[in-house]
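Working notes, beginning with the structure itself.
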Amino acid sequence: MLRLNRVWKTYRVGAFGTRELTAVRDVSLDVAPGEVVSLIGESGSGKTTIGRMVLRLNSVSQGRIEFDGTDVSTLRGRALKSYYRKVQGIFQDPYSSFNPIFKADRVFDMVRRQFFAGTPNATWHGKIEAALADVRLDPAQVLNKYPHQLSGGQLQRMLIARALLLDIKLLIADEIISMLDASTRIDVMNLLADLTSRGVGVLFVTHDLALGNYLSTTTVILRRGVIVEMGATDKVFANPQHPYSTHLLGSVPHLHKKWSQVEAELARHDARLGPCGYHAHMPGRCGMPPHDPDQPMLAEIEPGHVVGCSYDQPLG
Amino acid sequence: MSLQVDGLRVRYRTLRGDVHALDGVTFEVADGEIMGLVGESGCGKTTLAKSLIRLDGRMQYVDGVVELDGVKLPIDDQHAMNRFRFTQISFVPQYAMSALNPIRKIGKMIAELLESRGFDYKSIQPELERRLDLVGLPRDVLRRYPIELSGGMKQRTVVVVSTLLDPSLLVADEATSALDVSNQKAVAETLVEFRDRRFVRSVIVVTHDISLGYQIADTIMVMYAGKQAEKAPAEVIVNSPRHPYTQALMSSLPEVGVRYEDRRLAGIPGSPPPLLNPPSGCRFRDRCPLAFDQCAEEPPFVEIATGHSVACWKAA
Amino acid sequence: MGRYFGRKSIVYALTCIVAVTINWLVPRFMPGDPVLQMLISRGPDTNPEQTAVIMDYYNRLFGFDVPLWQQYLNYWGALFKGDLGVSVWLFPTPVADVVLRALPYTLGLLLPAILLSWFLGNKVGAMAARRKWLDNSVLPVGYVLTATPYMWLAILLAWSLGIVAGIFPTAGGYGFDLQPAVSWEFASSLAMHWFLPFLSLFLVAFGGWAIGMRNLVIYELESDYANYLAALGAPPRLIRRYAFRNAILPQVTGLALQLGVLVGGSILTEVVFAYPGLGNLVFQALLHRDFFLLQGVVLFIVIGVLVANFVIDVVYVLVDPRTRAGMQGVSA
Amino acid sequence: MRTRPRALSALVAIPVAMGLLAVAACTSGGTDGDDGAAQGAGDGTPASDTGAAPLDPELTSFPRDETLFTTGVGWGPPANWNPITSGVATGLNGLVYETLFLFNPETLELEPWLAESGEWTSDDVYEVTLREGIEWGDGEPMTAEDVVFTVELGHVDGVPYQSLWTWLDSAEVVDERTARFTFSDARYGQWDNWIYSNQIVPAHIWSTFSDEDKASGANENPVGSGPYEYHSHDNDRMVWQKRAGWWATEALGLEVKPTYVVDVLSNNEVGMGLVLQGTVDISNHFLPGINQIVDGDFGISTYYSEPPYMLSDNTTMLIPNNTRPPMDDPEFRRALAFAVDTDAIVSNVYGDIVRAANPTGLLPVWEQFYDDAVVDELGFSYDPERAEQTLADAGYADTSGNGFVETPDGDPIELELIVPAGWTDWMEAARVIAENAREAGIDVTVDFPDAALLDDMRTSGNFDLVLNGWAGLSNTPWTYYNYIYSLPLQDMQWSTNFARHENDEAWELVQQLARMSIDDPQFADVVSQLQRIHLSEMPVIPVWHNGLWSQVNNEVWTNWPSGDADTPGHLPNLWDGKLNMGAIYLLTEIELAR
């Protein structure tokens, strides 16, 4: 459904754009219907930029982003509108998606004005109530309220409901629960997971490995704009191949295991692996900057599980 | 006995009335203890942290006694508290990214701060540099401006600065929540190490993340709606919590390894009571699966085992 | 940093070229032909042949007898020789002479008004941020002052201190009964004539800076670093000093932005006080359709504002480490 | 009119004027020290004798009782001391350079000035004799050669009187003091006009100038024959200093009183303050509201102490573009004339400081030429019914029912009256005129283009209706009728016949006037014929006579010219061209108040 094919994003910085800053480097990935792909990385990893490029909030410097086979960057006018009917984004700070001086349900009105101008009132209200029910919100509690009267969890759910009004196919969820409280975040997570059963694909952007692990079918670990490891979530978490992946895993605070214990387990795991997972499959290329455009950046170490070179430091 | 808090009440004055943010809190932090203070937003944990160091303009001390090393702290007297700040009781804020004056070199700012408190920077500088080495910061951060440091570096710098005068108590208010996992771990471990080296004698780590609290704290105190819910050694809290809120909180927490398809977690339904006019009785009872008639009466915070106190009729 | 200033210089040079070009273009697209104006003002002969001769004469004089592109090149050529053409209104005085004679008055008015209002406005604003009584007086007065149009205040001052109180003269650069000399009498007359126009410029700007500074300092006092310092028991003196130093930075940038407004204000002020500076010239040049003079004065103003902006840029880099860090390519 | 830049809007003028009024009321009572700092004068400075004072480097201030402060005269910083060009420094023509004759508007006669006499020795030969003993400022004697040289400057490109030589044949020196002019076409009236309005320059200096400098040089060290010489100047002032050896002292017993004349450059609003404060002695600004100040007791006076307060200087004309229908129809123009409520303009817009124009448009100084019979028969006055009737009679009717008449052919009439933006009094007057016209059924709207744009439109004929007042005070109605009827029409009408009215008969009469001296017995008859043609054809509509603005402060100097019997009656105004209409006497007749 969504396919990123060797996508780059470079920014020009400095007074005359004299310096180039690469935020995303040669990233290829797919999101299938009903699949949750989590983009996991720390700040500066390019995960948010990828989400924004898919939403066309940022342009693509190189490569293609395709949605159902169409190059997203070529969409204009009506085609773009219909794209946004299928692809929506939700972001970290729910409050910033709402205008504090208008009632929160104005976000629904905006959808109506843009996409459902002809719908009769009764039909429309039915649609809203159905969408709110889907996100388990009580219409009486959230309609006719100002954003500050609602909790972060309620607002995020309203945004999801708003996306549901559009019969979306793909949802870009960028750190949508990091500002929510522990007791409510899991509900929003479950809600996302439930969407997949309707065939919605989710691109789940997060820095929290536990969340990615809980939700996703595919995990993509990014570092400095580059994919270092990608594969089915269970494989990546059970058998991380890249030192950066293990480093991240080792930093997550667990509830029943102390860091020291986790570190020890991972150290044993690392010891079983060679120095570079990529090397085993691309021996001559290990540690080399990829001069050859056809040279794959990632090596497949088991079906559906690829890893980048541990020695490759392209951004030095 | 390092810190003793007895019946502390603090309220916020708002236009609509007083918010009872901290409604009678009693606990101790022993010499050498790291106490994790855990709870969701609005539970009073940040109010408690601030009360110990500096009440902000809208906060009003109501009642209660705070003693540090047997000396009563004048927490309602901004001016008198100054004597204790930094030297006896110190603070690592959540906003470490912006806690340093952006237009002062860090070394100069530290020097000016120390000199304004009557200390001689020159004589402290060697120790400062030693501690920078310890946390893995280059010494030349002192000659840099905050903007030249990464977030993790800034956070570590703030930890070093805050503990420079070897205070008895360090209050770390969500000190790591803005950081990436790897930095979070580094800073958290720094806190432990500083305690081990007796740079600080005891620490209160305020966090919304109970798993982080578990990683570094000796004891954990869980707060709910301005009151204490449970306090116990970290292992006890995590492995055999007695308060239904603590239990629910942990069961809603996704851990690495827990997957949606395997085990669907559930949040805590409902939301905390408003603290403007808090209801009588147990404040968790509306959300509590175990609630029964007696909960209309406020449960006392009682010690049910050595070092394990709970405020729940069912736990007694 | 050298590269930074190198780049800045290029930007300023480009701005300058564009400004000069626009300055050259605008009069050529404004209604009213200067040669026609010249002819009308001189009451030309009714004989059409001779009118044609005179017209040719002026066309040559003002350089309109060559193609437009060449006029443009000639303009630059002349500019580098310091030749700004001949004033139509004050024919045959060279524009450069007229402008240079008026320049000291305007500089004498603007520089002290800008600098003093900035320094004192910031001082008083910072003081107001921590003294209630001062806040209660400075804030309303400041708002009234900034909201006052320059011309209005000037008229008010001319009326109250000039005509009612009779303390200050209300027209001219110095006493009309004086001739320039190195004497106390002349100097004091110069000062007396300078004072009211200066005061009206100063007051309006002062109000703006004071309010801005007050708000900025209050903002800084509530900032995270101020809270952190307070949490570590730093005395208010240190926190206030930091807040002031940080709050002054946006004020430096503001100064660059305000320059244009102040220059605009000085035009009106000079007109009200018949003060013989550039502002009055702009006004008169407009009134008399003297494009060449207008061009000349505007050129001076544009270059002046650009130079001032450049200076402020440099100062800003020196006082704000963040820009310097940005220059060295450190990024988060 | 360059003498009246009406710059700031009325918004400013009114509060200031009212403020000044109030203030003047507060301060005029018995205070003598409110002249402000500008008057630390006199103390300790070596007062020069009333005689010649060379430029004194020790002089730091101009003693108040030896200095005449003027304003509202100069129209820009002094930049030009060339009497041949216009826009010269205030007073240059008259105080420094002088004319052969003065024109006396009271007697309508030319008075010998530099000339002792001038006469036509034959039909086309004129001889002028200079007074004896006139010396230039540099001590050289003035001779007939200077006179001839000055006239021959007309051969130089760019000198405004080039066309003189289309009817003048030769100029020659007869002897030391006599110059002879031989004309190919002896235009007596026009020559009279020329001879009092052009200054004589010293040949021994000017012959060294290049042609360019003669026509447009700044002439920075003017050497003249008049009572003053250059002292100094700055952006906002021009200072003249009395010089020794002015010929008129010996020849006519005249002595200019002020040692210094300081002309202050100021705008109208500031000028009001200056004259009220007594910082200046005379302001020739247009000061709206001055009537209230004159009526009050502020020590400020104008020529007349009651309406119209001012002498009249020129006639403001409503000029229809005669080439555009329906303004090519004399009946339409007449109807328009009857529609205009001149009295409303005079009293409501001007507060009675101007006077309604005589229907002929001739200034009051030419009152003797008014042909009352013609005016009675053909003249017009405000009469809206008559205007409507005239329109109806000529076939203009409101056929569309929009409230306004259409042409007899049924075409709609939509006219635009333009006056320069910023000339607030004219803008107000234009609104009155348009309102009047609409009441009479003619759809007139107003527009206020930029002054320069308006100049273009008027000069090129791209307008419907325009106000203009360039027909000014002179020695002969010829200038007035030349302004109205000048032919042939050109693409650009620079200064005359803006209406583009073609009337060969009238033009023939104007040319006759040029050839007639004003005391010619036929002169009145020709003027009368022109009045008849004018009032029946109405090429332009005279509306009001603008004032020769002048307001004086009596604190330091008195005996100003005025309409009162016991004071001099000369022109109280120092605009360029007025000194040689007798305003020079203002300087010899004012007296110190103390």
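List of remarks:
Chains here go by letter, A, B, C and D, matching the order in which they are written, and residues are numbered from 1 within each.
Heads up, the rule we're going with is that a contact is a pair of C-beta atoms (placed from the backbone, for glycine too) under 8 Å apart; a residue touches a chain by one contact, two chains touch by 3 or more.
Keep in mind that this is a model prediction, so the values were computed, not measured.
In this view the innermost chain, defined by its CA centroid being closest to the centroid of all protein CA atoms, is C. Across every pairing of chains, the maximum count of C-beta contacts belongs to C-D. Here the spacing of chain B and chain D, counted between their Cα centres, is 90 Å. Each chain gets one centre point, the mean of its Cα atoms, and the points for chain A and chain D are 84 Å apart.
A separation of 55 Å divides the Cα centre of chain B from that of chain C. The distance from the centre of chain C to the centre of chain D, with each centre set as the mean of the Cα atoms, comes to 38 Å.
Multi-chain contact residues of chain A (touching two or more other chains) are absent. Listed for chain D are no residues, as none touches two or more other chains. Looking at chain B, residues 151 sit in touch with two or more other chains. Looking at the complex, you find that chain B touches chain A at residues 40-41, 151, 180-182, 184-185, 188-189, 208-212, 214-215, 238-239, 248-250, 252-260, 264-268, 271.
The residues of chain C lying in touch with chain B in their complex are 223-225, 227-235, 237-238, 242, 245-246, 249, 319-322, 324-326, 330, 332. Those residues of chain A whose C-beta lies close enough to touch chain B in the complex are 42-43, 151, 181-187, 189-190, 193, 207-211, 213-215, 233-234, 237, 247-256, 258-259. On the chain C side of its complex with chain D, the touching residues are 30-33, 36-37, 39-48, 50-51, 53-54, 57, 61, 87, 89-93, 98, 101-102, 105, 151, 155, 158-159, 162-164, 166-173, 175-181, 183, 185-186, 188-189, 192-193, 271-274, 276, 283-284, 287-289.
By the touch criterion given at the top, residues 2, 5, 7-8, 12, 15-16, 19-20, 23, 26-27, 31, 33-41, 59-64, 67, 69, 75-77, 79-80, 85-87, 157-158, 160-163, 166, 215-218, 231-232, 234-237, 239, 262, 264-267, 269-270, 273-274, 276-277, 279-280, 422, 449-453, 455-456, 459, 486, 490, 492, 494-496 of chain D touch chain C in their complex.
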